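Pasting a structure here, questions to come.
Lettered A, B, C and D in written order, each chain numbered from 1.
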């Protein structure tokens, strides 16, 4: 039940993130929306991990470890995107 | 003895809950920012403090008690520090959208 | 005892979620930051109660991390708010 | 319906409301504040999904470091203006986008409801192999043992991201200090917090790293806490970030992945496979690599938040 609820929430977040990414013109909001999308994908992984409870573990540790790496890599990508947006803004600012 | 400790835990956690409920109610219902800040600090200091006290009575090791009180100390410190910053922010009336 | 503490965790969670309305509604920046702070404190209480209810010491560590980062995030929000006199004149 | 299921629904509804709030926010600052709250609640979701390691990471990175990064960016953009003046899409376009996104969600939701039962799981294999590594935390076992190559590449990705961000430095600022100057807060609440919190934080980070072998925790969580503690005095204006030209800083970013690669070649030499650990020495090797990696990742994370050097 828990896995299904958060799996479906993950699916909803993917849609919401995608919508923000496509429908909002502000670059920073697009980066936020992209992070929502990523959070949704991670939740789907988390749901799959929870369903894979076996051998005395409450969840499959392999998808969990992948999500852990994913969060850190997504953060690195976000910082790079933010730096690009800021640099672009500076460049446009100059006559 | 265990019964007495359990009773203490229940009483303290219940009292802590009361402060959390009151703090949230204040945050939602009070008309202006300053009084909302007032409500919030109560929940922070007392609500969490009472819950920590109650749980400390149940902790099995000294390390567990230490970590519980470390959490409380951290929250007290951060809310003491952020309170004035928030008040300044509220006074300037930064309008959000 | 475990059930009682679990129920207490649920109740605090409910108040935290109710407090979200203030983050969503604002209207001022201070209101949003304040509500986010209550969210942090409430979250810490939920984790502590749940940790005691289920006997998971890892949850207390999570609460400790959250307490540190909540302090950090509040300062970041307060300092990063538009109008906060942080920048030298451009 | 048990209390746990009620909690699930509460958390899920709150996350959904916050996500919608972020996407529909009128002001960027509002969106960022909502996003910080979103990260916090995602932490709860991970607790409910029995993924405490992930919950710790999400709380540290999602709510803490991301918040600081995005707020700083929002404030700077408010001053310079958005880089590209793009027109918002027309109403018909928005409706079309909405329908397309709803379709994606529906397809993904159907896939989740159609997942096989019983679910396939690698948990028995992990549990069976864990004693060889002498670790108690299966997630750490996967990260440092069975999928160590992923973790190595991830450490490399962080170093590459730092290089990528530094590559955006304007010519005249090259080698200078990153981040923009903060007003000095010598006294008052902020200075107090910036002085008192880091010692606390360093102890907590060491604890989180140490218990990571057997309980939820580990290098990423510890590194995120350390990075936040390093950034705090800078936020209060008590300390200036180091210049990006400093050799020690560059060495600190590189030493983590290098140590990991070195351990990998050690395995190749002694055991005949890259990243293989010698029996009996597995835990010691893993811990040594983790300690070095933690420092390296912490420096990289802080530098990522600070951004490229600025001309002064």
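Note that in this section contacts are C-beta pairs under 8 Å (C-beta built on N, C-alpha and C of every residue); 3 or more make two chains touch, one makes a residue touch a chain.
From a predicted model like this one, the values you see are computed outputs, not experimental measurements.
Looking at chain A and chain D, not one chain touches each of them.
Looking at contact counts per chain pair, the maximum sits at A-D.
For the pair chain A and chain B, the distance between mean C-alpha positions equals 31 Å.
Per-chain Cα centroids separate chain C from chain D by 19 Å.
Remark: chain B and chain D have CA centroids separated by 28 Å (rounded to whole angstrom). Residues of chain C in contact with two or more other chains: 26, 29, 32-33, 35, 57, 61, 64, 68, 70-71, 75, 79, 81-82. Listed for chain B are residues 70, 74, 77-78, 81-82, 85, 96-97, each touching two or more other chains. Taken together, the chains touch in the following pairs: A-D, B-C, B-D, C-D.
For chain D in complex with chain C, the touching residues are 3-4, 6-7, 10-11, 13-14, 17-18, 21, 29-30, 32-34, 36-37, 40-41, 43-44, 47, 52, 55-56, 59-60, 63-64, 67-68, 71-72, 74-75, 78-80, 180-183, 190, 193, 197, 200-201, 204, 207-208, 211, 215-217, 221, 225, 228-229, 231-232, 235-236. Taken in their complex, chain A has these residues touching chain D: 1-20, 22-29, 31-33, 35-36, 39, 42-44, 46-62, 64-69, 71-73, 75-80, 82-93. Note for the complex: chain D touches chain A at residues 4-5, 8-9, 12, 15-16, 19-20, 22-23, 25, 28, 31-32, 35, 38, 42, 45-46, 48-51, 53-54, 57-58, 61-62, 65-66, 69-70, 73-74, 76-77, 80-84, 86-89, 93-94, 97-98, 100-102, 104-106, 108-109, 111-113, 115, 119-124, 126-128, 138-139, 141-143, 146-147, 150-151, 154, 157-158, 161, 164-165, 168, 170, 220, 297, 301, 304-305, 307-308. Interface of chain B with chain D (complex): residues 70, 74, 77-78, 80-85, 96-97.
The part of chain C that touches chain D in the complex is made up of residues 6-7, 9-10, 13-14, 17, 20, 23-24, 26, 29, 32-33, 35-36, 39-40, 43, 46-47, 50, 56-59, 61-62, 64-66, 68-73, 75-77, 79-82, 85-88, 90.
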